[in-house]
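The next block holds one structure in the form of structure tokens; read it before the comments.
Letters A, B and C name the chains as they come in the text, with residue numbers starting at 1 for each one.
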Amino acid sequence: MDIFANLAHGFAVALSPINLLMCLIGALVGTLVGVLPGIGTIATVAMLLPITFGLPPVGALIMLAGIYYGAQYGGSTTSILVNIPGEATSVVTAIDGHQMAKQGRAGPALAIAAIGSFFAGCVATVLIAVLGAPLTKLALAFGPAEYFSLMVLGLIFAVVLAKGSVLKAIAMIVFGLLLSMVGSDIETGASRMAFNIPELADGLGFATVAMGVFGFAEIIRNLDAGAEMNRDLVQQKITGLMPTRKDLIDSTPPILRGTVLGSILGILPGGGAVIASFAAYTLEKKLAKNPSRFGRGAIEGVAAPESANNAAAQTSFIPLLTLGIPPNAVMALMVGAMTIHGIVPGPQVMQKQPDLVWGMIASMWIGNLMLIIINLPLVGIWVRLLRVPYRLMFPSIVIFCAIGIYSVNNAPVDVILAGVFGLVGYWLIKHDFEPAPLLLGMVLGPLMEENLRRALLISRGDWSVFLTRPLSAVLLAIAAFLLLLTVLPVLRAKRDEVFTESEN
Amino acid sequence: MAETMGHSATATRNTSVAIGFCLLAIAPQIFEFIWSIGTIFGWGAGRGPATVLISHATALVAGAPAALIAAAGGDTKKASSDVLLALIYSYPILAVAIVTLFMTIRSAQDYVGGVILMALALFALWASSDLQGMRGFSFGAGTAPRMFGGLLVALSAGIALTGLLTDGPGMSHYSWRGPMFVMASIVFFALAIRPLGLVVSAFVSFMIAATGSHETRWVEAAIVGACLTVGCALLFPYVLGLPMPMFPRFLNP
Amino acid sequence: MTSIRALATGACAVALASLCAFVAPAEAQTYPTRGITMIVPFAAGGPTDVVARIVTSHMAQALGQSIVIENVVGAGGTTATTRAARAASDGYTLITGHMGTHAASVPLYPKLAYHPEKDFEPIALLAGTPILILARKDFPPKDLKEFVAYVKANAEKVNAAHAGVGSVSHVSCELLHSILDIKPVGVPFNGTGPAMNALVAGQVDYMCDQIVNAVPQINAGTIKAYAIATPERNPSLPNVPTTTEAGLPTFQAQAWNAMFAPKGTSPAIIASLNAAAVKALDDETVKKRLLELGSVIPTPAERTPEALATLVKNEIAKWTPVLKPAT
């Protein structure tokens, strides 16, 4: 078959010493970037882009791709250890991952995240090679109406993943949506709720808000009088580094399901990868025999979203490799890297640049292998980090976060904003509001509004498009069904819920 | 952590909550006033403190009621932004504050949380009040913010109502030391990174943040802070290639 | 990885730099005596960034000093341009602006903190990027004449995509619409990528865009091009007629990239920068790489600071009436 010849060619390219080295560098830098709070993939790829100018194009792209999916591995680390999601895709991992760390099970959480990512990465790589071209149709079938419906579905996921009050979760989503509207309006360019602050003209950055409501707020909360005891307890409790047999058995189905969901959603340009991790988490929570374990350290809540986000990170290359259209900001930077090397990606890139395309696909598999080899031994080191006394740990986290946020835009105001959101996050914790739905609302908000407006512009104000277009209607139906499923038990079991909540 | 307050909410407690809400109701005005003090020293552009004080006071006391009466009379004259702030933000919160006096708060955590969230939503409604609404079939810049702002007002009212109708945890304890020093550290870093460079700002910020915990041992913190600073100074600019100033500006000619 | 060697050199550099800081007095040498910062107001890898990098890499050799590119994004490039306008006018902070930041921004942003003519010293025009009229592959009109007739007849029905307010695609389509005297629905996308995706998928009818990303799509037949808005055909798309040939000579638009220094930079510095830029544009490798991008290299007459000043003036005059009513 043709595919084997292509793959063999790809491996021949990817296994050349220089490309292997590039792949390793990419994986290492990606892990580092993922681990350091605040420094996002986009910023790093942008920073490292100039370095790649002196490299051969294939090697350069292999390295940049390595940074991109390597960061997905690394991103889970800070989420689990210190509750700071560096990327939108690892917000969900923080929910159960950090709880596991608090119970002394950081090791298994990190290991499962790496194993899940590796499995998902391998499957998704094969998928790109085998089904890349036909799957492209999915990306093209999604118009503004479909995207809007997908975003609605994504927001419903956010409701489901909340462990407390549904009303509060919805309020947090809407709060996130409002925050996402700060900045210039896409259609008219009008400045919205920016109070003439130039740094707000392009909106609040995800990293800024995430570092604030997760990172800084967590630190401030831990400094509260009375919190020391809990922390010391965590340090004594650390048990095994590797997952137990039961952990592995428990995580296998979530990893499989997460991989499937992630692979499909990753193809969609835009918010696909983010929604993938939320969708995977929601699915597991809905399928679980005892959903109340979620949010309190369920290993499935780490395995599924981590597999999903890594699968999505891989399959998001499909539109780039088959259509030549970058589906997200990192991919757009890669297109930039190609352009600088005189390769303008287009629909024929697979035929015209077989070295590049197949070399990259093969390198992804190699990269995933490298990443798991790098990450599994690192688990021990990361867990040991937890033994550092908190009095030294927290100022270090503050500094790392501050530098990370500053580096995104070289804007001091961003750092102050993150501090303000730290106080907001502290307030949220004190009133039992959950930050994860807020962040999801913030990430999905612009996508939802833009696509709603685009859909209505194209349909000339006819709202029925969302129901007459089949894909969109199906997505909305799933959303309605999920919402019903979530709200009904809450209404029925209101009393029990209140009872269990007040126990905590 | 949560000490349950339940029915023990007393009248005095309610008064302090109500006073808190009154302050919240004029928080943006107070903030702008404090901000405007800077203009005396020539920092930033904007209205001077006297102008701010007078215009907000008139808006709150006279402008807003006048605009209400005018609106009732069918007169749709465009109100100034200060008057709108009083109308959209301050008055509803003041109303909530008054209502609070006569209520039994059964879960202070939910009630206060809901009201503050409502304040944020109302503030967003005010902030987007100058934006264009629907234009025919297409959304204006202000449509979505107003839509979600309104929705959030309703949701937060629901949360506040839950706090009145069902028993739940009371207010948790807020500490001041941690937030203050962590915030101070962040602000110092933000202000210092450009003029003083990474080395100085990272180390000083580390020490300020360390002050936030009473467990801190100074010698140990200084050593770790110094090591961390050196680590960061190598890691960020060199390994990751992020362009940032290293040393204070006055050391470079 | 970059680390080991970079670390070693870095450490040495730090040591040296701190030494030099005290040792070397401010000697009056000829410009440039240290590295130059080139601000690019868009993300790394974008069309402007690519042009800036190709040209500055050669200029750096000619000047004997490194030129570090700093990408500062935000608000359609105006954030970065404001920063450049306020930078010290010592010739060590420059900016590569484009048609958006140094012309279209004037009518688009009423509160613009700088003025392209008053706050900058022009250095040289670097490259022009032709603009194409593109349409989804099954859009009924066959050539530009039919397109004009069709769009005029169906102005209520057609959808034009653009990559966001202030983007080249938005601005140039506004020009086309003002020439045709129509106001079709403009569907905004978040960047060129998503807009192109929608055009390939047939969700929108047409758009105007820069040549760079469109060439492979046109060659693959996923979209079609009606005309190129330059006086001459482009070597990368020899079959696409110019607007003049196709019957719409008034629609002329190019996204140009040019180098500017803050106002007050001494004429001697401007002259040496201009000389370096001109030299770079004459270099065969630079030429080849710019042509690969579909860019048009300015003629010697267009490369002088004076010519750039005139261009900026003309462009502001050209875009102001087109964009004023839109905002």
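Keep this in mind: a residue touches a chain if its C-beta (ideal position, glycine included) is under 8 Å from a C-beta of that chain, and two chains touch if they have at least 3 such contacts.
No experiment lies behind these values; they were computed from the predicted model shown.
Q: Please name the chain that ends up farthest from chain B once chain centres are defined by their CA atoms averaged.
A: In terms of C-alpha centroids, the chain at the greatest distance from chain B is C.
Q: In terms of CA centres, which chain lies closest to the overall middle?
A: Located nearest the centre of all protein C-alpha atoms is chain A.
Q: For which pair of chains is the number of C-beta contacts greatest?
A: A-B
Q: When the C-alpha atoms of chain A and chain C are each averaged to a single point, how far apart are the two points in Å?
A: Distance between chain centres, rounded to whole Å: 33 Å.
Q: Round to the nearest whole Å and give the separation of the Cα centres of chain A and chain B.
A: Computed value for the inter-centroid distance: 28 Å.
Q: Could you give the separation in Å between the centres of chain B and chain C, each centre being the mean of its C-alpha atoms?
A: Here the centre of chain C sits 40 Å away from the centre of chain B.
Q: Which residues belonging to chain A are in contact with no fewer than two other chains?
A: Within chain A, residues 29, 47, 51, 185, 187-188, 410, 453, 457, 460 contact more than one other chain.
Q: Any chance you could list the residues of chain B touching two or more other chains?
A: 138, 239, 241, 243 - these are the residues of chain B that touch more than one other chain.
Q: By the touch rule stated above, which residues of chain C touch at least two different other chains?
A: Residues 1-2, 70, 185 of chain C each touch two or more of the other chains.
Q: Can you check the complex and tell me which residues of chain A touch chain B?
A: 29, 32-33, 39, 43-44, 47-48, 51, 165, 167-168, 170-171, 174-175, 177-178, 181, 185, 187-188, 190, 192-193, 195, 216, 219-226, 228, 389-392, 394-396, 398-400, 402-403, 406-407, 410, 412-413, 415-416, 418-419, 422-423, 426-427, 430-433, 449, 452-453, 456-457, 460-462, 498, 501-502, 504
Q: Using the touch definition from the top, list the residues of chain C that touch chain A in their complex.
A: Interface residues on the chain C side: 1-2, 43-47, 49-50, 53-54, 57, 69-76, 79, 82, 108, 111, 159, 164-166, 185, 187-191, 193-194, 196-198, 200-201, 203-204, 212-213, 215-217, 219-220, 222, 289, 292-293, 327.
Q: Going by the contact rule set out above, which residues of chain A touch chain C in the complex?
A: For this pair, the touching residues of chain A are 24-25, 28-29, 46-47, 49-51, 53, 139-144, 184-189, 196, 198, 201-202, 269-270, 319, 323-327, 329, 331-337, 339-340, 342, 344-349, 409-410, 446, 450, 453-454, 457-458, 460.
Q: Would you tell me which residues of chain B are touching chain A in their complex?
A: 1-2, 4, 109-110, 112-113, 116-117, 120-121, 124, 127-128, 131-132, 136-142, 144-145, 148-149, 151-152, 155-156, 158-159, 162, 166-169, 171-175, 177-179, 182-183, 185-187, 189-191, 193-194, 198, 202, 205-207, 209-210, 212-213, 215-217, 220-221, 224-225, 228, 232, 236, 239-244
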